[in-house]
């Protein structure tokens, strides 16, 4: 029915209102960027005003602090780049799945379980085997464990159509639980914390952040090519858009789901490996820093385009880094202000997606 | 021993039950709200704010009276959680934004803001006295009888939760309101065609669900923890468990009473039982594992009645056909 | 006897973007009549009725109900005016019972009481002659039961005016009879019934008056008794239909596809294919006629490798007799093995014997085209996936009914849609978009696809252009078997003829064409043979040149074994 594709008036919901809402078919890229820019600027301004309201400082100082926090020193810039790179890595783990319309909320769990595996190798084998072998084992274990964690929901989705959103969500908490279980059983009472590692730490190249940054930037470029120009990427898009079409042209949908989630899990595992092997920190239930969720936001912000994700990941990292400075500068005792501001900016950006997907048309007075 | 265990299980279960009931209501209307942890935190902050307001308005902490305290707490709790729910509803229903993304943002925002409120605006120096009133049982001294103690030694919020579960079940199953709500969650297009106000029902379910979910955190802080507060993350984790519980109970409020007690028992067992700390961690893990099992088993059995509401997580736009 | 005017449309206009669906329509509906709204696909009849049902709101013009101007802004407003519409796609909730669906949205002031509702439903059933179990869940119901629920639902709301959008499209003849009986009973009860349809025979059978629409305009409303099929057709299409399809005589046919005793049961346990056997020949168009849902879809999908079968065989004969062997479909090992079985001969007719020859020599012989097949190749397609079928080298094309949901990916552009079938070619892990782009250009030019450019998502194209892209891709591989399900549904006359000609061209080029159609005139004018299906069984295979519409109609409804 051709008519149904066309825009139609909405008689009921906006009864009496002088406008109606129609779905956009597409939107010019400059308009999209403009809408996002306005939303982000609005979010920041709102945050600035709120922070200023809680202290004696001016809203302008908010922005000074924000930029100082993110770019103030060379080290701060490096930390910002590192955060952005790790976030980029997690986003890369998620987008193949998202493109396939597989709602993988399990990034946290996949990373955490990979962290656990590489940590435990270093914890138990550290010093007993050569450092290069240990790193190699940690690398392999991270990837494999990430894959397993992603594969479990994928298999059930492929064969029984089990709801993957809820499944992957639960897998996060199971992973956290396992980490806590391991901590409880491996660490003799007393400290009740995983100690920092001395073995299985990646060598520094320039500093201990550069390798991580380079790896994930390269990975993003590769992912861009993979999704856009490879046969696998094409299959992912077809499955994501229409499972029926995929079957019709002979794509093995189960295989694509499983293959893509293996890739997803492997990349999440890679992030886990870097989280541990970069500096060898202690492990805890929130080593992942909730990046699995943040990356959902960044991927979605970038409309699942890897190149745009450079922007979204950098931006979110900028906000989080900058906000810690704001917190100090404004003498706010509670570090929860970071969550509040990040949440507010999320809201603004989420709300603006409405203007990207829909258009408000003002009704002309009677007839034309 | 067993009596105490059961009392604890019911108490912890009730925390989850509130979250679960709220989430069930929203999911029945087709809204997968991953913001429930944030909303529970906000409800806590609101309730505590109200309690502090009342307590500090008194000359002496000992002057506190049960009814006004509870009423003010509940009102503020509802105010805060409904405010948070309103943000979610506006973004997902009116602006039709992605529910998963919005929910996660709500959780980030809600945990942050509630933490901030609790630290800055809620003086807790009189909470000892307040919590006594919160946990005051209906029967002043149920005596030594185990059964009676298990049943009657709780504060008002436990009974409120169970009453709400029964009311929800009745409303969903036996009333026109419930029928319409379920229709909205199953097929908003069909409901819309039948003249049901889809937006209205979704807003109603989200706001009512938020209000109810918020009580969970309030009860936990004021009654279970006797008015102490560390940070929002404990309540956040209860929020996630509540979402698990919704799946575990297959969207049935009556089942959720027992489901929540089971989950509560697993959690409390970790504290009460004599065991190594690692065994305790395993027990805490169990609720999630059995939730996954339920999810898997129901999808394998593929019985229509046990599936999530058909339009769960999808936004509705009338002109999409 | 003049009946009271119940509804009056005055100068109704409704446009969707640049498409004017209704252009100044004025007509009326009387109390206690069955009015057919007749028109071709896309003539605006559903749009007009949707305005009565509160789905759309007119851009200009007035609707008078019982003499009063009324604004119907929502389905609820329509109910308030006692208007109920039964849409083509049912809006029922699968996990709810019939009774729950019926009472949905009704707030009649009294408390919610499902028991009373069931009683009312029972009374309605008795009154009009329905049969329905109010406790049965919708997902357990047949299409006709679902339709019954929709009708009861509308009646339960106290509707006096019932609008049915193509109500017979999915029903069996018996079910249609039952439905018509019910409709008559309701009319005699004083209700007004509007049937949207494009089937003339049903118009003649059921309606009191007919309103004919053409291209968004109201042509005339006539009393059924005072008109005939010929006159209605003329009003509907504007000129006499002489289906001018270029049908050539069949020549050089060979059996291409042999279907033997297919049986298939669907997920609900209903037998959808019941001992289906037939042969599709090269150089002819085999039409498949039948009421929608008689197994046509499953049959085509089974051949295309998309449907699991209980039993039966699907044999493809590849025309190879006296044609040279090539390494295109065969590996060296297969060639040697087949030669050993004596399957080949030389140009002069002597049998091929490779004993003592080196692989290099064999390769040279094959590449020079000196080795010929004795017979056609025979291969089974049963239980093969679409991919395996293609890997066998079988050029089988399939234009499915659901174009954007199955044949194409709506959000992808024309180029990416062109390579759906061929993207795997080549060893590279990367895609080659060069050839699809060339193909896309050819299709756009050759079939006159109207599109801004090749990078436009196909979803944005109009229905006819979407179909051209799909058919263009499917015939680009020079198929040996071409299957098309309802390929002209929703298309305008010009696009339809373009599709007919493309199918005829494929036939001339030696493809075995299988055409599933709904319009008997087209089937009779286009096809060489017609296979008729009913309830999953083949009820007859007839010569399209000599058979009459009545005979096909009889076969379509034949139920005895």
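Letters A, B and C mark the chains in the order given here, with residues in each chain numbered from 1 onward.
Just so we're on the same page, a contact is a pair of C-beta atoms (placed from the backbone, for glycine too) under 8 Å apart; a residue touches a chain by one contact, two chains touch by 3 or more.
Everything quoted here is computed from the prediction, not taken from an experiment.
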Chain pair showing more contacts of the two, B-C and A-C: A-C
Closest chain to global C-alpha mean, per-chain Cα centroids: A
Computed distance of Cα centres, chain B from chain A, in Å: 27
Chain B and chain C, separation of their C-alpha mean positions in angstrom: 49
Distance between chain centroids, defined by C-alpha means - chain A, chain C (Å): 44
Multi-chain contact residues (two or more partners), chain A: 7-8, 12
Residue numbers of chain C (touch at least two other chains): 55, 74-76
Contacting residues of chain C [partner chain B, same complex]: 55, 74-76, 79, 87, 91-96, 100, 103-107, 112, 137, 139, 153
Touch list for chain A against partner chain C, complex: 1-3, 5-9, 11-12, 15, 25-26, 225, 229-234, 237-238, 241-242, 244-245, 247-252, 366-368
Chain C to chain A touching residues, read off their complex: 16-17, 19, 21, 42, 44, 46-47, 54-57, 59-60, 72-76, 304-306, 385-390, 398, 400, 402, 405-412, 416, 419-421, 423-424, 429-431, 457, 459-460, 462-463, 490
Interface residues, chain B side, partner chain C - complex: 174-177, 179-180, 182-183, 186-187, 189-196, 304-305, 307, 310
Footprint of chain B on chain A - complex, ascending: 4, 7-8, 10, 12-13, 21-23, 54, 103, 105, 156, 160-163, 165-167, 169-171, 173-174, 177-178, 180-185, 189, 192, 293, 296-297, 300, 333-334, 336-340, 342-344, 346-347, 350-351, 353-354, 357-358
